[in-house]
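Structures are listed in the sections that come next.
Shared between the two complexes below is subunit A, which has subunit B as its partner in the first and subunit C in the second.
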Partner chain A sequence: MAQVEVSKKVEPGLRGEGGEKKKFVTIYYMGKKYRVPAGLTVLKALEWAGYRFIRGVGCRGGFCGACAMAYRLPGEYKLRTGLACQTVVVDGMYIAVFPYLAVTKPRYNIEELKPEAGVVLKIFPEVSRCIECNACTKACPQGLEVMDAIQEILRGNLEKAADMVFDCLSCGLCSIRCPAEIRHAWVFQLVRRLYGKYIAPKAKHVEERVKEIEEGKYDEELDRLVELARKDIEALKKMYMERDIEK
Partner chain B sequence: MVFGYPPELREKIRIVEETREERLKQVMKRLSLEERDQLVRKYHPDYRSDTKRPVRIGANRGEIIYNEVVDLLEAWPAENPDDVDLTQIDYDVDLLIIGGGGAAAAAALWAIYSGVDPSNILIATKLRFGDANTVKAQGGIQAADRPNDSPARHFLDTFGGGHFANRPELVKALVRDAPFIIKWLEDLGVMFDKTGEGEMIENAGGGASRKRLHAARDYTGLEIMRVMRDEVWNYGVHIVEFQPAIELLTDPETGAVSGAILWNLETHEYRIARAKVTILATGGFGRLHLAGFPTTNHYGATADGVVMAYRVGAYLRDMDSAQFHPTGVAWPEAILGELITEKCRGLGAHLVNVEGKRFIRELEPRDVVASAIIRECSEGRGIITPTGKCGVWLDLPLIDIINGPGTIKRYLPAMYRQFKRQGIDITREPVLTYPTLHYQNGGVAIDPWTHVLNKEEEWIHGLLAAGEVTGGVHGKNRLMGNSLLDITVFGRRAGITAAKIIKETTTKPKLSLKHVEKYMAELEKLGVPRTRRAPRILPDYRGKHVVIRSLFIPY
Partner chain C sequence: MMVNDKYLYFPGCSVKRDAKSYEKTAFDVFGKLGIWVKELDKWWCCGATFGLAVDDVARHLGSVRSLIQAEQEGARYGTYKLLTLCPMCYNTLKRVNLLLKRDPGKLDNIRRYLRDENLDYKLSVEVVHVLPVLYEHRDLIRKNIVRDGSGIRAAPYYGCTPLRPREVAVDNPEAPSIMHVVLKSAGVRVVDFPFKTECCGAYVYAYNRKAVIGKSSMIILGAYKAGANVLVTVCPLCHYNLMLAYNSMKHKPPIKIIYLTELLAYLMGLDDNIPPEIKSFLDGLTPSVEGGGD
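And now, the complex of A and B:
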């Protein structure tokens, strides 16, 4: 395929600058073959190939979990999983990006719950069906110990579980691999909230400051600053430059 | 496949390693306001003459705004008003929230707390609920809650960082509500980084004179968003995803905003939403790629809220300034423009040029640091990347050296992962960085209770706005940690204000596109080409080789 000039409309990152010779790789998107520049993520490569996405794209930076995908590398039997915005194209890879994963979330009132494993199991009874196959862990694009976290919940250690799955992006890849039908992302969401709300010690200094503010302790000082901002910017600038900075 | 640093860069990394010990002893001087000003004026894209022009229509007529935004303001509506049937109302609610990020979630929750029935709220969003810049905010959220700190100090930092152009009463609301917001989020179950006794671990941030950044590792925004979202879901609020608003509706008699036209991105069907109050929480403009910069923003950040508000007469503030985050990824290409959180510099990482020298106090406000990096590159002291771009080093291994081994993996897991996936280990290797388009400093003018204002500072009835779509809170430059605070403080205030208005409103508003017809008459006079349409829903990154050969064939 001939080298093609890329328009201004293309995300600036894709413009070939410095006259470097673009290298190309071949990928198969839903079975269709495309030659795309090497070094791009799957998401950017598919866009370059002419796709405009509505589903299967979100933050584009590895935070939202919208671009869960499955792929196969040449010569491998393994079905790999990843995020399309974080995975770089490999020559010969077969790709499918998931538009949606039907992992529904039950409703609950956090105020009425206790931070206990029993509460989690009552809302998500399927957690007890875990057969420790570890398919979830293998599917996790964040590299989390998903199955171990489920086991920690079953052992009643919500604190440990919350810590282990803090980096979860709720992409849902573990759930579609899970033979026990566990909705991991929402189980973990509940566990983290129970930990954050009920188990983690409260920040007393924040509570004290809130009280001081409600009592009006800072109002006079703030009103004076607002007044200066309106009428005497030079005085405010002076205060700004003279303030000390914590090392 | 490119994986990790090529030999020519490894060579240059050696200089960074050799100068580390010496640099650690060095104290960088604070710049005076004059020095900051000189640096920014010379190198920041805000001061380039080719990036902006006066807008010829609407409340800001004659004022200078970034070109890419003017293109959308001087544009025809996406829909033809004659094609839209306003008599069939598909959603008839008390409160319509447009947008699906943190400000939208906070507004929904506080409207509910203030008495609005959850079944009378509609959230309409372009992508999924939670697909927003909020989840990409890494470093933290500011609040002055330590004994050596005060809301007044937070005010001063924010105001100075914003070049004294902020709206003072908005800054007061921001800093005064901040500790309360942290408490609220803690009570919802947000897992902030804390000591064993529950004390918040608070970090330094650029332009902040005290350590007041509350973080949840480097997934702070994600953690705050998902907890608020979980709560909104628990209340059973009606959320329609992949169905953005494309135009506001107004009452033909009063001019008050009375709802919006929503558009199903997949079926292309439009739907009419009527509401007593509409809250704009549509976020910023990163995906417009101002001045050709890459961006840290999510896929839907296209300034659509600004465009819709402008057509009903909203005044825009500070749209001549944009925030370029100093440390975007300059290489590898796969993650170009993505964010390297300021928390890295807060934890001690140095910015280093090709000679192995520091060139700026790393915790100056963002526009100052970004300008300094651009200066190094334009004066030949940058590092040329394998793809021909320029960057400087961010010496990340210093973080573990200063704070102890394991700090990076524990407190910067997203950063560690982002580079590890590209074959770079940030506990051992520095990374290449260059400014990236990050934040819409300005936007729709609001008062402290989020009423949208026209040029005369009067309320545009029926319309509230919160978050990145608004202007005035951050002046001409936002400080780190003040955006997560902005969306929660003003999202909350919008929800409370909406509830108040809903209580006072007994009649259902009428629907029209009268304001659009008026706007179109002006466009006609200006001779704006009919092909230029707005709002833009999503960016188009298709390769040109495909676009030039595409045919539209009805099938």
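And now, the complex of A and C:
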């Protein structure tokens, strides 16, 4: 290949810090073609191309699940999914970034529920429609075993299900791939709540401490400190600095 | 333990959720009979009913996944026989297996879909229900009985799914007898009754409880009028519907609805996993137990 000549005619932004010419790839968004620098994430590439994202973007760190996207790669039949802030552009990529996914959340009162499969099925009857196609698992940007978690719910093992979906970002990509129309993110949220409230062992020391506080064990000590703050703030500061610190 | 027979085991959602004593007593009985049983490391809902739409192969994916899992574990454990307790799971898994064996086009269709997940099915699994397994080992059952079952008058109730359609039936679908034989081997008095293959109402309970209560009440009263004091089932769904009907009765006949393996475990003296109220009911029918006898 011929040596690349460094020319001052190239627009700013098209060169790296060392003056080398940046590599570009072609992507398609909303049916239009864009040349964007290689190595960018889809989100940054689209912003580079001039799009401004007001909705459908959040933490930009792969944690909030707001920037769900679907895309196809050239020469492939597969519809792939990912997060726009985590997926790097590929030459020929055909992209749709979802501003919002229509995954509605039914209302329920967690105080009135029991940690049973039947309760989950009553609120989300579509869970029993799972045909085990595994499209959800293939769509998950977190690599969760989504279908298997749904299966654990069906057999009544909510604890296992809650554990399996701990890392769910609620991006909703599984739900738009699901032929049973399951609203996974909300199903999983319910399962984690049921687990947290009814199944997970309670922290005994917290209960004991709360009881002590309610019984007024620390009231006298607290009153003394408040009084001291009013009378001699310096003495209180000194006390604070010299307090015992648990290791 | 002497191993007389080896099976991989598919539990199913209902067994894990609602019929734990069925499973636990079954395992106690298997242990006593030398039947080696290994639960699949992973399994998926069978689909609960066999999809009848001919072009809807996706409905069978759940069953195929478990068959593939059994095939993979079969190579490891040296048995390709997949045992089920729930006859609904038996029925669905068996019919899917049969469909794939008979229709290479559908098998190919499913294979191509599952290739994404590096899965393939080579048709090596045989789906088996617990009834014929117990029937096969009836002599061993007889040898292991420790309690006098002469006060127990058991009506064997088969329901639909172990018997219909004919191509997956575990016995003669019109006049089944293998549960009769198993119970006889266990030393109880067997009461034949006309509704032994009648439908309990199945999934209709989800939208028409009255219809289910009607069907299941007829079965309970039929067994009672024929002289039974125990109604024996092998199906979690039948059990659910029969209990629904029994609990709705104003005048409850003195007959207990129990799983076959609970009764066998009791007669073999394997009491650990028998629900206490069933244990005490059976104690009341057993002459050797104080206060028992008929």
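As a working rule, the second predicted complex is superposed on the first by the 190 of 247 C-alpha atoms of A that agree within 3 Å, B and C clash if a C-alpha of one lies under 4 Å from a C-alpha of the other, contacts with A are read in each partner's own complex, and residues count from 1 in each chain.
The criterion applied here is as follows: a residue touches a chain if its C-beta (ideal position, glycine included) is under 8 Å from a C-beta of that chain, and two chains touch if they have at least 3 such contacts.
The structure displayed is predicted, hence computed values, not measured ones.
Contacts of A:175 after superposition: neither subunit B nor subunit C is touched. If you count the residues of subunit A touched by subunit B and by subunit C, you find the higher number for B.
With both structures placed on the common chain, the touch criterion links A:107 to subunit B but leaves subunit C unconnected. In the superposed pair of complexes, A:81 makes contact with neither subunit B nor subunit C.
Once chain A of one complex is fitted onto chain A of the other, the partner contacts of A:197 are limited to subunit B, with no touch recorded for subunit C. The residues of subunit A shared by its contacts with subunit B and with subunit C come to none at all. Contact residues on subunit A toward subunit B in their complex (touch as defined above): 4-14, 16-20, 25, 38-41, 44, 47-55, 57-64, 66, 86-88, 90-91, 105, 107-110, 142-143, 162, 166-167, 169-170, 189-190, 192-198, 200-207, 209-210, 213, 218, 221-223, 225-226, 229-230, 233, 236-237, 239-241, 243-246. Listed in rising order, the residues of subunit C touching subunit A in the complex are 11-13, 16-17, 42, 44-45, 47, 58-59, 61-62, 65, 113, 116-117. Listed in rising order, the residues of subunit A touching subunit C in the complex are 117, 130-134, 138, 147-148, 151, 154-157, 179. Looking at the complex, you find that subunit B touches subunit A at residues 1-2, 30, 32-33, 127-128, 130-133, 135-136, 143-148, 150-153, 155-157, 159-160, 164, 166, 168-169, 171-172, 175-176, 179-180, 182-183, 186-192, 194, 196-200, 204, 209-211, 216-217, 219, 221-223, 226-227, 230-231, 233-234, 236, 242, 265-266, 289, 292-294, 296, 298-299, 332-339, 384, 386-389, 413-414, 417-418, 421-422, 538-547, 550.
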